[in-house]
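Order of writing sets the labels: A, B, C, D, E and F. Residues in every chain begin at 1.
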Amino acid sequence: MKKVEAIIRPHLLESVKSALQEAGVVGMTVTEVKGFGRQKGQSETYRGTEYKVEFVPKLKVEVVVAEALVEAVVSTFLVSAKTGKFGDGKVFVSPLDDVIRIRTEERGESAI
Amino acid sequence: MKKVEAIIRPHLLESVKSALQEAGVVGMTVTEVKGFGRQKGQSETYRGTEYKVEFVPKLKVEVVVAEALVEAVVSTFLVSAKTGKFGDGKVFVSPLDDVIRIRTEERGESAI
Amino acid sequence: MKKVEAIIRPHLLESVKSALQEAGVVGMTVTEVKGFGRQKGQSETYRGTEYKVEFVPKLKVEVVVAEALVEAVVSTFLVSAKTGKFGDGKVFVSPLDDVIRIRTEERGESAI
Amino acid sequence: MRAFRAPATLRAYASFRALLALTAAALAAVASPDPLLAQDAATAEAIALLQRHADFVWTILAAVLVLLMQAGFSLIEVGMTRAKNAVNICMKNIMDLSMGSLAFWLVGFGIMFGPSGGWFGTGSFMLSDYATEQDPWLYAFWIFQTVFAATAATIVSGAVAERTKFSVYIMYSIFLTAIVYPVFGSWAWGSLYKGDGWLEGLGFIDFAGSTVVHSVGGWGALAGAMVVGPRLGRFTVEGKPRAMPGHNLVYVTLGMFILWFGWFGFNAGSTTAATVDIALIAVNTNLSAAAGALAAMITAWLFLKKPDATMTINGALAGLVGITAGCANVVPGAAILIGLAAGALVVFSVLFFDRRQIDDPVGAISVHGVCGAWGTLAAGLFNAGGVTLAIIGTQLLGIVAAFVWVFGTMFAFFKIVDATVGMRVSAEEEIAGLDVFEHGNEAYGPDTFSADVGGVTA
Amino acid sequence: MRAFRAPATLRAYASFRALLALTAAALAAVASPDPLLAQDAATAEAIALLQRHADFVWTILAAVLVLLMQAGFSLIEVGMTRAKNAVNICMKNIMDLSMGSLAFWLVGFGIMFGPSGGWFGTGSFMLSDYATEQDPWLYAFWIFQTVFAATAATIVSGAVAERTKFSVYIMYSIFLTAIVYPVFGSWAWGSLYKGDGWLEGLGFIDFAGSTVVHSVGGWGALAGAMVVGPRLGRFTVEGKPRAMPGHNLVYVTLGMFILWFGWFGFNAGSTTAATVDIALIAVNTNLSAAAGALAAMITAWLFLKKPDATMTINGALAGLVGITAGCANVVPGAAILIGLAAGALVVFSVLFFDRRQIDDPVGAISVHGVCGAWGTLAAGLFNAGGVTLAIIGTQLLGIVAAFVWVFGTMFAFFKIVDATVGMRVSAEEEIAGLDVFEHGNEAYGPDTFSADVGGVTA
Amino acid sequence: MRAFRAPATLRAYASFRALLALTAAALAAVASPDPLLAQDAATAEAIALLQRHADFVWTILAAVLVLLMQAGFSLIEVGMTRAKNAVNICMKNIMDLSMGSLAFWLVGFGIMFGPSGGWFGTGSFMLSDYATEQDPWLYAFWIFQTVFAATAATIVSGAVAERTKFSVYIMYSIFLTAIVYPVFGSWAWGSLYKGDGWLEGLGFIDFAGSTVVHSVGGWGALAGAMVVGPRLGRFTVEGKPRAMPGHNLVYVTLGMFILWFGWFGFNAGSTTAATVDIALIAVNTNLSAAAGALAAMITAWLFLKKPDATMTINGALAGLVGITAGCANVVPGAAILIGLAAGALVVFSVLFFDRRQIDDPVGAISVHGVCGAWGTLAAGLFNAGGVTLAIIGTQLLGIVAAFVWVFGTMFAFFKIVDATVGMRVSAEEEIAGLDVFEHGNEAYGPDTFSADVGGVTA
């Protein structure tokens, strides 16, 4: 099993979610995060003092999937989260030793 | 060392926290997340238009523990976070290369 | 590639961010979290009932870096996030299989 | 809209009725054997009419100030509870004013002010007297009394918040404004119109309603809180109280200022006449509120270690409730003492009910019930006209009568409702919040917290 | 400030003008062959002056209550939209009052109330009449009319929220308060001052402005919402509406109470005279609002499964808009019926415009446009003075005239603006929110949500 | 409460005092050799009494409007600062009104209005004059003056926000309302009652307090901000200002509307008499506020690239402060000019103090201090009665006197306090927020942001 984490643009959550569902993903966990990178935030002014909001609102979408599904999920992100502009985000794939479903205590892939 | 991550129901944080403490866990990090899975959110209406809140509020509890403690921590989650209904969540166990305590610069298990 | 995760004090974000930039880090993702550990939260009262806020506001800073940079990044955290008091936080280093930049579909280190 | 008046004809400024009066007199003056008297009569009539106009303006504006207090109560209740129940609390307050106005029009006013044998009125329903008597003052008096009834109703809302079914609350709201409040009101204030209450007959002093309005609301709140029981997790298994911080103390502060503002309509407006007396009443109201806030803050500082905001705010309200009965018959110095006592009292009262495991998220029982009783007693103790045992006795009698009648009827009402339809929401609903289950709404949309996480789909 | 007056000389209390009147009379009394008459004249003048003073106090206070309604509208609009556009909505409301006051001073008042041939006024601009006529009543009348104009303007703000350029909104706001509102106003109310409208000539009944103010705002909102189009994602590709919950229903509730409060100034204040009539108007206003809230809640409960908060709030406002035309000429029972109908009507109207894919985030078209029309008709149907076909006909004529004039001019205006400078912001800006792009501000600072994440740097 | 009056006896409507007057006269009429005169006297008395009643109603209602301004100030200050200090700011504002009312009752009023040799009053403390003079007008005058004192006090709160000890703030609040404000007040307004100020003696024009109230508060704010120093991180090491956005601009907007509303009580109420003059004052107040908002928005748009919300709001307040001195003696056109200038001025003033590294989170120094001075000068420049060098000289003298006295005493006060108990909280406390450390509270409960993370335990 792997954990596939993607940083995406908040307003694309809907399309990403549907795409993942079609790709067979049954569950995911989403976190509101602030991103720092090539995409620079809007510069704002407050009472005459200009300032850059350097941290851009992003969403982190975590999906735990069986080895077999990893590539499918990754490419799903590449399609559904892309605008082509700075700030589209990244996909991280990391190893996972085990998954347990609390409700049923199932372990491993069957727990996903 | 391993990182044990669990997605739980927000209102069970108290019981989970106490259970973990009893299991010998001295620290943890909690994040507010939104979960998508078998548990379906309440359907709400706004000015006559119905809609489903598909993302359910959850908490992610991260605990970094020594190899030896992993099973104990996992089963602690299985007990303290279970209601038996859809949406109890998952426990993820993943590898960790190193841990450093910023205050003391200790490394490895002693830093936990 | 590795993922370096650090739990830090919220008001130190600025200094940590600048330090990381100097260390050559081009991107990072920050999450608001609540921490539980040796540092005990302020005790507050509400209408005469005292209570401890056991979960302290923290920030989780995630940086994905090439193997080579890991040590540099870790020590950057040790410098820029330290106050020496309980609650400075931890740095976690974990393995990463792959990184993909959504915008360009680059993979691996070039995607960071 | 009334047409612009040209200044040339100053006379025209007097409203047409005044003109009628004058013309009538003019005619009379001609006819009358003694024009002097006729003219005097006409002038006196015109003068009386002017005073009447001033009374209407004052009373309507005072009623409007009291009406805004609904916003103050809503904000305080919403702010001192959790976000997941904010919509429900708002809806309860909206219904208190809406249902309350209609129920008081239909039934309440007649019971409170209709012809009565001392116990409750039996006529003057639905503003029917206007048809026969054609006196517009009925309307001014009615609107002023209506907003008072709505105020009594809304007091209970906060005490039973976060766990009571919306449908049950509506039933309660109708019951209180249609029956419970008017019946007691008829005992103390019935003779303001066509009633003749046994309590006022004894000389009971409650100028603006420390007991008639606030204690009535407060004891209803006590009954409700006792029957519905505390919120989940409010007390530990050993019965120790656990803090459940409100979710927005800025709302609470704004609510307090709005109440302080509206209270001038409540107290000074109770003259329902444009007289010089309103000045003393306003001074007393302000000084007592100020003293209440100060005393509560100091009490909290001494006994709870810090100057707690919600206690201080409760203190200001305690001072306002405390001076309501005696605002017209005590001197400013006494108003300060009344406020100081109320401010200290409310803090201990809140702690007392906490210890008795009666869960009142906003302190309504202490502020309105307890301090309403104190204020009624104080109106006797500090009576500028002098104090006698008889006066104190009557005040105590009124206080007790209010408790017995209101707590009795409301406790029975809530028990019956609870036994039949059930007063409390399910644990699942209470945990998730009443907003979603009862109203299908959320007070704070997704993006209060960020971009559209949990974004909505058709 | 005026100096404190010593009570010894009660007379001195009468304002000096009153004194002048009396002295003048005293002198006259001496000179005059018949002191009786002279004295009568002096007394009558003094009495008229007192009434005049009461009229000023009432009218100014009423105007102030109406002015506060701007806060109510702001809160309702902000609360029913998303956080990322809150600053923009606040700024629009601030400008409605600011630009509106100045535009109405410069142009609007003259067009609405200046000497006219029935279609629009052509004089009395910039309060110029004061120089010649020296009548301070002009100021009282002007401030009251000004806050009405600002109210009409602010209605549109919510309907076009979250997608309209700020610069375009300012143009609209000036256009409406300077031209569109005053022209129609001159038809119905011109003769209140120096105008002489064709519609009022036919006996059109609209005491406080169900049509003159609310429908005018509502139909302007309809035109704006149609031209600017729905918010991104508000309707699915198949045209099914998608929910876009407002971000703070507590603001919406507070806004409603503030409007309810201010509406007494709006309706009862429209007497612009301290008379006994204000009582009936106040009673009708309150009962209709209460009935509207109740009817909307029940309608929502029956047809939308739950007692929806924003529908209930729209219902209260619908009741208020509905009674505005007839508040002075219907009986309380009728006011309740008018409110009930308005409350039910507004729910279906909101659903109707949703289905027609006209995106009105706050329901302004339904509340002000539709219920304004209903209220105007109802003022005829329930006219206490009796109803005739002629009356109904005139009411309908007025309703249609308002729609044709306002929708026509505003639709053209928005189309032209859209074709030239463009009415709508870019998709990117709409997604990110207007606050950052249009104002460079954010309504809610970073640490509303935590410590300084996204902390700011110079 | 006053009993309902039956319409049959119209006369009865006149308050009993009026009745006394009439009866007295009736008797006199019988006795007197010349009934005509006696009757004239009685009528005149009754008329004077009616005017007196109107004066009471107007003055009390105006005082109540001013009192609500406390809510406006609280909202603006809370909204323009960070969430972690919201409770502290609310508490400071509550104490300004509470302590202020009590301190002004105890000491302030006597110093400001008691018998004085020109520099400060020495009598009339604790409303003691009532005992001897029995004139209820004292109460009306007192409540109106009290809310003015509380307003002056609350101005400083925002300027020293987010870093000042609560205990120190309370000391300051008492000092200002008991000594600093009253002393200057006695110079300019003392003769309104029993005082006799040297400044008013020279013909200083400040009708409603641009200097007496607003500059006094503003210069106190300057002293406080200078002594306490800027918030941590407000300026870079090189001294460049860094943005510290307020956490809720919706609160700020609501606060502005509430102030705009209350300001009519502040300015028009300063007649403390029901006269026709209130209309011009209301018109000037509204036009100047509107012009101020517009000018500030345009200035920001031109010089800061975007129509900044908080600058626009400061502009509206600047217009209000600016017209306060001259509201009764300038024509509407002048009011617009005064507002336009104030609106532009406030923007540059805010930037100026920023550059001087004086940290004023809400712009109180610029709005109240600087624009208060401008308004006082403008009251001379645009004086409808004509302007002379002497007038301008006196106005400038008053402006300077206010600055010297207030800034001098307050700077010394804050320095002494700072040297002894210390004025500023610890860096740790400042970073964590004053709410938790000073009050043990948090403004926004955990679940504003989610379910009960950081859930509370006994």
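Methods note: a contact is a pair of C-beta atoms (placed from the backbone, for glycine too) under 8 Å apart; a residue touches a chain by one contact, two chains touch by 3 or more.
Since this is a predicted model, take the numbers as computed values, not measurements.
Chemist: Could you compare the number of C-beta pairs in contact for C-F with that for E-F and name the larger?
Modeler: Greater number of contacting C-beta pairs: E-F.
Chemist: With over half of the numbers shared counting as same, classify the subunit B/subunit C interface as same or different.
Modeler: Since fewer than half of the residue numbers are used by both chains, the interface counts as different.
Chemist: Would you kindly tell me how far, in whole Å, the mean C-alpha position of subunit D lies from that of subunit C?
Modeler: About 53 Å, centre to centre.
Chemist: How many Å are there between the centre of subunit A and the centre of subunit C, using C-alpha atoms for each centre?
Modeler: Spacing between the chain centres: roughly 18 Å.
Chemist: CA centre of subunit B versus CA centre of subunit D: separation in Å?
Modeler: 48
Chemist: Which subunit D residues sit where two or more other chains touch them?
Modeler: Subunit D, residues with two or more chain partners: 36, 43, 47, 50, 52, 54, 57, 61, 137-138, 241-246, 248, 304-306, 308, 310, 440-442, 444, 449-450, 453, 455-458.
Chemist: Scan subunit B for residues touching two or more other chains and write them down.
Modeler: Only 11, 30-32, 34, 44-46, 49-51, 54-55, 94-95 qualify.
Chemist: Quick check on the complex: what are the subunit B residues that touch subunit D?
Modeler: 11, 34, 41-46, 49-55
Chemist: Using the touch definition up top, name the residues of subunit C that touch subunit A in the complex.
Modeler: 3, 17, 26-32, 64, 94-103, 105, 111
Chemist: Residues of subunit A touching subunit F in their complex?
Modeler: Residues in contact with subunit F: 44-51.
Chemist: If you look only at subunit E, which of its residues touch subunit D in the complex?
Modeler: Counting only subunit E, the residues touching subunit D are 36, 40, 43-45, 47-52, 54-55, 57-58, 61, 65, 82-84, 113, 133-135, 137-138, 141, 189, 191-194, 207-208, 236, 240-250, 253-254, 256-258, 260-261, 264-265, 268, 270-280, 282-283, 286-287, 289-291, 293-294, 297, 304-310, 312-313, 316, 332-333, 336, 444, 449.
Chemist: Could you please specify the touching residues of subunit E with respect to subunit A in the complex?
Modeler: 431-432, 436-437, 440-442, 453-454, 456-458
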